[in-house]
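Dropping the structures in below, format is structure tokens.
After this come two complexes, each holding chain A, first together with chain B and then together with chain C.
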Partner chain A sequence: MRAALSAIEVLRPRGLSHALELIASEPQPVPLAGGTDLFVALNAGAEPRTRFLDLSPLAALRGIRSSREGVTIGSLTTFREIREHAGLRHLPALVAAAAEVGGWQIQNRATLGGNIANASPAGDALPVLLAHEARVKIASVRGEREIAIDRLFTGYRQLAIERDELIVSIHVPWPTRGAVALFRKVGTRRAQSISKVVFCGVLHVAGRGMERVRLAYGSMAPVPVRARAAENALEGSALPAPQGAGSPGSPDVSESSAAAARRALSKDLAPIDDIRSDRDYRMDIAGRLIEQLLRVAAFSPRR
Partner chain B sequence: MSRPIRVTMTVNGRRRHVTVPAMKRLRDVLREDLKLSGSKEGCGEGECGACSVLIDGKSVNSCLVPAAQASGARIVTIEGLARGRRLSALQRAFIELGGAQCGICTPGMLITATELLQRAKGRVPGDQEVREALAGNLCRCTGYQKIVDAVRAAARTRVSAKRAKARPRAAAARTRVSAKRSARPKTRRP
Partner chain C sequence: MSPRRAKVAVIHAPSSVGVSVHRVEGVDKVTGAARYLDDLVVPGVLHGRTVRSVVPRGRIRRVTLDPAFDWKGVVVADHRDIPGENVVALIANDQPLLAVDEVRHAEEPILLVAHENPERAEAARLAVKVEIEPLEAVLTVEDALARRALVHGDDNVFKEIVIARGDLERGFSDADLVIEGEYRSGHQEQLYIENNAMLAERTRDGGLFVRGSLQCPYYVHRALERMFALPAGKVRVLQTVTGGGFGGKEEYPSMIGGHAALLAWKSGRPVKIVYDRLEDIAATTKRHPAVSRLRAGVMRDGTLTALDFDLVMDGGAYETLTAVVLSRGAIHAAGPYRWPNVRIRARGVATNTPPNGAFRGFGAPQTQFALECHMDRIAAALGMDAVELRHRNAVRIGDVTPTGQVLKESVGARQVLERVAARSKWSAARREIERANAAAEVAERSARTVNGGRRLRRGLGVSLVYHGAGFTGSGEVRLASLAAMDLDRDGHPRVRVANTEIGQGTTTMFAQLAAEALRVPAEFVRIEDPDTGSVPDSGPTVASRTCMVVGGLVAECATAMRERLELFAERPIKGANDFAHVARRYLAARGALRIERRYRRPPGIEWDDASYRGDAYGVFSYASCAIEVEVDLDTCETRVVHVQTAQDIGKAIHPVLAAGQIEGGTLQGLGWALLEELRWKEGRVWNHQLTNYIIPTSADAPPIEVEIVEIPYSHGPHGAKGVGELPMDAPAPAVVAAIAHATGVAVSEIPVTPERLRRALREAGR
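Entry: the complex of A and B
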């Protein structure tokens, strides 16, 4: 480990209000949850900050609570807990994302709040939260506030969270009845790799039409983003219908709206060439993921 | 400057106390302070799984865990899998089926496989299930197939060992039934 251990100070809060006092103190400490991102930087000697606030004693940041409106997930909830919680079966895309975040060792430690706070454009759970229109509860000594997830990511690894604020919980509203959700992570290998493209789409259906469409991408812009132009291209058009014995590979998707959505993606996304992939490949995959979502919808049972 | 903290944890069934910097990695506490050098460091960034240990039954990368967060935890390292000189079913299967070659990944593989078998609760996990569970443990020697085979073979021995334990009672039950049957008057004898 390249960090100078004796120079590092770790604060252990007694409770949430104590933690909020500590994080407001100077020099402001860095919150430490599962450590799966922070320790990579510490081990590499790439973390210059030396004062940390250990969140692990804070019971107030744990737990998954369901209500009629949706589910509220404590920021310290691990991906393992998300994967296994029976109450999250109505959010299959979130469970799927939790099952593909790193290997078991990472899932057993990494937290949903940490995934948000780390604000990586490739954060696996972030497109899921965007496509489900999650709200994030944030607290400081000045009080609590809620912010819609799509207003949270303001720039590369930048959040609309002040340095004296802590993420308390994430509220995910239940999808409407009959909604179709798809999570896809496209990477070099299936597990434990950083995404070339990560995607979540949610289709809210009314009758035979796509009433509300939410498409969100990671690794396609400096921040995780909603693809609003593509959403508009799909909204209001008819749901693709499975044609008799047609195979999942060739359904009669309303070709025109799908094609329009693919074209619109160039307004929504700005991928780069980097060590993991290149711009053209990423754009191609991003478009195909919309088509896959429509195919999944075409073959989903109507409720 | 910060003072070291006192950390108490249960390691392989023994209560241990160490006084270490709060952000010292659990991997270094185990290897340097407790002289348990079985857990290796491969990458130091949570990719390879060579440093895996169990914390409260869950496999974690000990290179990403600060000592402060191991306080009060129940930790099992590779040194804690055998009972005295008797290796665990997983360890024996790795030896018998060639699941270990150079040995660097082996302690981590065995730790995560231990969590898998505990979660499987007597069921033999499928090939894909084992591969998914071990996705965070990289091996550069075996090509993985022998590791997967060893994990499934160990699961099968555990399952048959459980059945063997249950058998004496089942056998006794059968004896009682046949005793009853033979006691029944045989009226249909010609």
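Entry: the complex of A and C
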């Protein structure tokens, strides 16, 4: 541990309003949820801040509640809870993402709120939340507010959240009936892996057409992003139809819109060469994942 | 039999060898009772930290201690405090303990600080300012050969070796086909689970007592003698419980031990230096990167006629072990095949990167990776099956290696290949995979989605390798290892050797070999700690030598001990109680009983260092792997589905431990093949964290089916040969071959990361 642990101070709030008072008072403490990001930084001597606010006593930040519109997930919910909660089976992409975060040990501690607030471009849950158009509830001594997830990430590891604000919960609306969702993490290995490319796509289908398309990526730009140009290229076009067996070589009906979507990605994404991968690879794979989404959609049963 | 476990159950029987008895140190490790160096509580201890160079090459202009920092209680040491020679003694003795006026690689140690509070020690490290005038650095093998800057001698070459046999020109003119290729492999970090850690104290008699996580107590011992100008008797080195080594604790503990000792020498206090993972990955030794260029001649029927092998290895900034790693790499370069005409030219070059060093396999994985990839290229060019080409050319008894060594016994090359081909159902499995791949392609073209929209292909590849056990050439003769046994007060036999338990099961193996000869259960045998104050120099724990060489000496000691006691008792000894009884009577009547045995060169083994000819090793072990992979054509990710391996190790003294070595070595080989890549930034390791230096996790580990083949070696205990390194040699080329089977493209550089595979597929127009 390169950080000086003896200098570290951890405040334990009695409840949410106490927590909001503490975080508003100087010197402002840093919220501490599962610690799986903060401890890594402390160990490497890369976290100069020494005053922390332990969120674990805050019941208001826990729980998963479903309604007709969607599901509200407390910010302290761990990925293990997301993985195992029966009420989330209509969000298979979120469950899939939770199951691929770190390994089991990390999933036991790492929280959804921490994943958002850490604001890493590689946060695995973030493209899922973007593609599902989640809204984030935030609280401070000034009151509560809600912000759409795609307004949240303003720059590299920067959030539209003030230092005295806490993330309370995340609301995810249910996808429309028959929507097809794909989560795909392309990482370095099968567990404990930070994504090279992470993708979530949701196709809302009406008849044979793709009515609404939501495509979101991580590790492809300074922030997790929606690929709006690619979405536009697909929206309104027909779904690829599953072909009967024994018709090799028959054209894929959505091939042209898929190709257009792939081309449009260059407007949406700006990946870099970094420690885990390179720009070329990322760009290419990002496009292929759209094709994979369309293949999955072609085959999924229509209601 | 479950695939991951060897077949022999744990039982207690008077017969030990070949039985998987309980591990001597197993309970302590599992219950947490074992104390690793960082667990040791030493009153008055100071915590040492190392100030290092941040540039790969330069002149040290000035070192300043920040005047604003409170230096009270901080001990500071630099090269001027070294009482003896400023050198980490090894072979060439070219590496300083602390830099003087120049640095030759990033992370080179310059100055040491220590404080009783580790947080203050860390703060002090950050309060040292080193000004270095950068010089042009050589960072790659290509730069070194092009003499971009001269960093060693007049050609940047530490060592050149040429091995030649037969007539290369004739070999190529006999060939129907001549095939060329170039293959590359990069750095690899050993990644033992316990980071490097050492503890040093001054002793009352003016000497040094140094403990730590290490493989070779006498290496550290001799290095300390030189650094501190102390006679051998004033230095004592003890190995503490060690969490893995893989070669990474062969030479580097002499450096850290020297640093801790220097701080202890100056302060008079005990000093601990425990690296964290960041420092360990950034600063300590790695596997040598290698570039191999091959030209091979072959006849239409698959008979090999000629091999011209050019090898360049990156030694890093100091020579350290490069000459011997290079030598082992060169000697293994032709693989376990008959090459009537062969020439191997090997060069180890200097670069301004941290010195590369010992790592499981010691050069042989690099060259055999290249050779095995080339064998597949030859098979493809001939349109011949990869197993058939290997089988046709694999060495048999009486065949001759490139150094002129006649293989006289225990040659399992063809057997391991046959076992792997049979167990993997090689031909049928390859055909089945090809059918499935073709069907998947058809389904995808018709937009029928399978596998959740993924486009997956499978492939199966094979490899065949060998590995010489023990030190190369006359190395064992020079080591002249000495092992001893005596009786403790309770009448237990006690083994005294300097070889270390580093997770591989050494102590259990010694106990078994002694027990077998004494006809007592293994747990009756005591093993003395590897402490240079109380064990003789039985040589280092490296080179797959410990069981075959030192184990053999222990077995001889034990046999002599039994004979001595039976002579004294005038009757055979039966079992442990009887042994203890006779032993105590002996001790009372005659005093201490100590038996020593020194290594003797087995008859008929000759080696000439000058001409590089003769018996490079007493014997070789052999291994074959068949590896199945699945490649995602969209993401170019490769998953290893299954490994089938057969390894001829002479005799498995402890089948579970031997299988464990094979499974672990195989997984380490898979990591090297697919995942492990050191990334550099201006001469410094960029990915020095577990989050970005990627090794396989348990989720990445495929089922590994191990078959141990036992073709005994007459000079190994119970026929045993080496097993420690062999498993590292085989996986990488089989993975590359499997990927080629799956995708049609043979990559020539490892690790085969998705990025690299994608580039290769694109270049091939796929």
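The working rule: the second predicted complex is superposed on the first by the 296 of 303 C-alpha atoms of A that agree within 3 Å, B and C clash if a C-alpha of one lies under 4 Å from a C-alpha of the other, contacts with A are read in each partner's own complex, and residues count from 1 in each chain.
Throughout what follows, a contact is a pair of C-beta atoms (placed from the backbone, for glycine too) under 8 Å apart; a residue touches a chain by one contact, two chains touch by 3 or more.
Bear in mind the structure is a predicted one, so any value in this text is a computation, not a measurement.
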Most chain A residues touched (candidates chain B, chain C): C
First, second, both or neither for A:194, with chain B first and chain C second: second
Touching partner for A:10 - first (chain B), second (chain C), both, neither: first
Partner chain(s) touched by A:42 [first = chain B, second = chain C, both, neither]: first
Chain B versus chain C as contact partner of A:281, first or second or both or neither: second
Chain B versus chain C as contact partner of A:292, first or second or both or neither: second
Partner chain(s) touched by A:108 [first = chain B, second = chain C, both, neither]: first
Chain A positions touched by chain B in one structure and by chain C in the second: 1, 5-7, 40, 43-44, 103, 190-192
In the complex with chain C, residue positions of chain A that touch it: 1-2, 4-7, 40, 43-45, 103, 182, 186, 188-194, 196-197, 240-250, 252, 275-278, 280-281, 284-285, 288-289, 291-293, 295-296, 298-299
Residues of chain C that touch chain A when the two form their complex: 119, 122-123, 276, 278, 442, 444-449, 452-454, 634-637, 639, 675, 679, 686-687, 689-692, 694, 696-700, 754-755, 758
Chain A - residues contacting chain B, complex: 1, 3, 5-10, 12, 32, 34-36, 39-40, 42-44, 52, 54, 56, 80, 102-106, 108-109, 190-192
Contact set on chain B toward chain A in their complex: 1-2, 5, 21-25, 28, 44-47, 49, 52, 55, 58-61, 63-66, 68-69, 112, 115, 132-137
